[in-house]
Amino acid sequence: MVAAARGTPGAVASAAAPSAGAQDTALVVARGLVKRFGQFTAVGGIDFEIVPGECFGFLGPNGAGKTSTMRMISCMSPASGGTLRVLGMDPATDGPRIRARLGLVPQEDSLDLELTVLDNLILYARYFDIPKAEARRRAASLLELAQLSERARDKVESLSGGMKRRLTIARALVSQPDLLILDEPTTGLDPQARHLLWDRLYRLKQEGVTLLVTTHYMEEAEQLCDRLVIMDHGRFAAHGTPLELIGRYSTREVVELRFATPREQADALALGETAQRMEVLPDRILLYTADGDAVLAEVHRRGYAPVSELVRRSTLEDVFLRLTGRRLVD
Amino acid sequence: MALATRAPSATRAPSVTRARPLWVRSLGYWVFQYKRTWRSSLSTSVLEPLVYLAAMGIGLGALVDHHVHHVGGVSYLAFVGPGLLASAAMQVAVSEATYPVMGAIKWVKTYLAMLATPLRVVDVLRGHMAWIALRLTLATGIFLGILVGFGLARSWEAAFALPAGVLTGLAFCAPVAAFAATRENDVAFSVIYRFGVVPLFLFSGVFFPITMLPGWLQPVAWATPLFHGVALCRSLVLGDATLGISVVHVAYLVALGAGGYAAARVTYRRRLVQ
Amino acid sequence: MSTTPAGDTTRGTTSGTTLRITPAALLGSRRAVHMVERNVYVYRRSWIFLVSGFFEPFFYLLSIGIGMSSLVGPLRVGAETVAYPVFVAPGLLASSAMNGALFDSTFNLFHKLKFAHTYDAVLSTPLTVADVVAGEMGWSLLRSGLYALSFMCAMAALGDARTSWAALCYPEALLVAFAFSAVGMATTTYLRGWRDFEMVMLAIVPMFLFSATFYPLSVYPGWLQAVVRLTPLYQGVALLRGTDLGSFQWAMAGHAAYLAILGLVGLAATRARLGRLLLP
């Protein structure tokens, strides 16, 4: 609500270290932010700002420190070092006042299973001191938004995973927050539910709500985020708009070649010189290039015969895998 | 959970398990679980009888014996001891047949994990009931041992109080498990306790003979399962059991247990096979 | 929200760091009321749970009145002789206040902490850990108040209340509930799994049986009397019995102080522990 009025369109394109002007209006400012659990450093000194009206994404493999960062921003975990200001206040002292203006969608639904769908929304609104009548009004319209109106009187226990997720998001909106924090909002959802959710988030953004999203779905990040950071081992591996990142860390196109036998694939490694960068996977070769068709023509000209070949645009996933590696992290 | 459902027997001697009935594997799960927690559970099984006997039998007994000299021909400790044994069996049975059953269906979903193996619903039920019977044997055995230690056993007949106690427990656990399998949440369990277990504990002759109840209430007490369990255990421990009345007690308890088991077969199938 | 004009918060950045205000007192804020509200919402759907609790004291008092009364006979308390049910009733009131408080503060709290993650949602709103603790305590006292009331009705109906001083037993029963609720919550924050509850029961059952609820302390040998006197339930039983019989002694002020201090310490410990558990 307030965010829309304070929106600064000029700051959108700025990366993680924007101008002094952007810092003034930023909803979240972190400088050298650190989170330690005993000996383990979950977040190892990161800097970023989130400006009003944007959708800011945190990408990273499991254990990269995304959730720890979210929890610090939502004043549910004290920072171990550095400074953090949220909505111009200090989470250490102003937790309740900050949280009054945040909406949080945690990684795991924390709905009240014993209560009905409607009661979950009303009760959550009451935690924000919203009068009962107003809470009822808001709950009704949010149920519409989340397409749960027919289930209003049902116990949460009986909802599907997708419905619970939608309810959690509706619940986070009941206080009409300036900043909506979503920690892996679509993990575990089926494609229909995921697209429905993206659609809802996009509409919220249009209404001026600032979004902060963590995800490991690159498609999600590309669709939703104006700016994003890729986090790995508690630090930022990269930051920028999705297009900037692709431009910086990948090529415009990728050629994927699959060969019949490992021997044929081994012979094909000489193709590396036709592209800017080559990646060899157990079952295929990836050639990163600005012009995929040209590279493919060269492959054929040299007499290689892959069993399958694919020219596609480079995606954020290519950037992500390049920066964080292909090994499993946990 | 995946680990736990691998019953210990399966790893040790696969050739033997083939010959064994399937429900033994389900029993194996509960034994396996108990092995991790037996220490705390055992200390409860030993200390609770001791504490109850000391407080009610000795503490309160001092007042009773001073005032009326004896209850039913014996000291208050001797009167209340076997009664407490039977009521302890009831409480173990009810607690094992409520929350753990609901947990195995809904919270931990142990039953579902078992049903994903060759086990059938009836094996799951039989295994769990067999486990409760084992638990009851353990708890009743300890209790009886303590009664003997207090010098309350009057004759060799007291040994039969062990199966009598187990039977009392089984008469409760089968019907309660049948009921628990129909529940969506644990609210009803507190009702079972407050309107079932507690009044039975208080009015079935554990603490005073039911002849002291108002006349109209005595037949009601007669109709309750705990009364039969208490009367049976008490007469066996004190050595004044008569065949005729004992058969009535046993028949009542067996009928209740068997009826409950039959009901549980239905409710388990209805709940677990969808 | 109402405490902060939304407009100035982005700029007024310096005041927060210089003036570190920790949420004052153990009472939490006005928002703690919403925690009570949550419980009302939950229990609205399982009212039978609450209502069934009213019957328990009736059963106990009835059983004692019908059976034990004639087995035990009248007892001497101080200078006077009272019927057994009159002796037991205030002790049972204290015990039932303890049991009710412990049930809520152990089983229910553990479920909410470890399985339902109820407080994770609550703490993402303006509510604080102090509010959670205060709210849960408020609910516990509300519930205990209802039970104590039903118990006292049963006492009056069965003729077990001796003097009009008995009315004072009501706030005293709440004090007992407060102390045990607080200690129960603090203990629960240390429990690892359901099986740890057996240990909790191992502490509660002997206390319930031995703390002079069912017979006077004089039954015990001297050393055991000293041990029993130290237990919080004994303190509660002695306080309520003295009040019910209208025989006041200075020691009773000590009992009340004991329970109050225990409750406050428990509350403070709960707050510290929950803060560490919920906001790591």
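To keep things simple, chains are lettered A, B and C as they appear, and every chain counts its residues starting from 1.
To be clear about the criterion, contacts are C-beta pairs under 8 Å (C-beta built on N, C-alpha and C of every residue); 3 or more make two chains touch, one makes a residue touch a chain.
Every value quoted in this text rests on a predicted model; they were computed, and no experiment measured them.
Student: Just to be sure I understand: the centre of a chain is the mean of its C-alpha atoms, right? Then which chain's centre is nearest the mean of all of them?
Tutor: Answer for the innermost chain: C.
Student: Using C-alpha centroids, which chain lies at the maximum separation from subunit C?
Tutor: Centroid comparison gives A as the farthest chain from subunit C.
Student: Just give me the whole-number Å value for how far the CA centre of subunit A lies from that of subunit C.
Tutor: 46
Student: Can you compute the centre-to-centre distance for subunit B and subunit C, using the mean CA position of each chain? Integer Å is fine.
Tutor: The computed centroid separation for subunit B versus subunit C comes out at 31 Å.
Student: From the mean C-alpha coordinate of subunit A to that of subunit B, what's the distance rounded to whole Å?
Tutor: 54
Student: Where does subunit B touch two or more other chains at once, residue-wise?
Tutor: 185 - these are the residues of subunit B that touch more than one other chain.
Student: Which residues of subunit C are in contact with two or more other chains?
Tutor: Where subunit C meets two or more other chains at a single residue, that happens at 46.
Student: At least two other chains touched by the same residue of subunit A: list those residues.
Tutor: Where subunit A meets two or more other chains at a single residue, that happens at 114.
Student: Quick one: which bits of subunit A touch subunit C in the complex? Just the residue numbers, please.
Tutor: Touching subunit C from subunit A are residues 2, 6, 25, 27, 37, 74, 76-78, 85, 87-90, 92-97, 99-102, 104, 106, 108, 110-115, 119, 123-124, 126-129, 171, 175.
Student: Quick check: in the complex, which residue numbers of subunit C touch subunit B?
Tutor: So the residues of subunit C touching subunit B come out as 46, 48-49, 52-53, 55-56, 59-60, 62-63, 66-68, 70-73, 75, 115, 195-196, 198-199, 201-202, 205-206, 209-210, 214-215, 219-220.
Student: Inside the complex, what are the residues of subunit B that reach subunit C?
Tutor: Contacts found on subunit B: 37, 40-41, 43-44, 47-48, 51-52, 54-56, 59-60, 62-64, 66-68, 71, 76, 107, 185, 187, 190-191, 194-195, 198-199, 202-203, 207-208, 212-214.
Student: Using the touch rule from the top, collect the residues of subunit C that touch subunit A in their complex.
Tutor: 1-4, 6-7, 9-13, 16-17, 19-21, 23, 29, 31, 34, 37-38, 41-42, 45-46, 116-118, 120-128, 278-280
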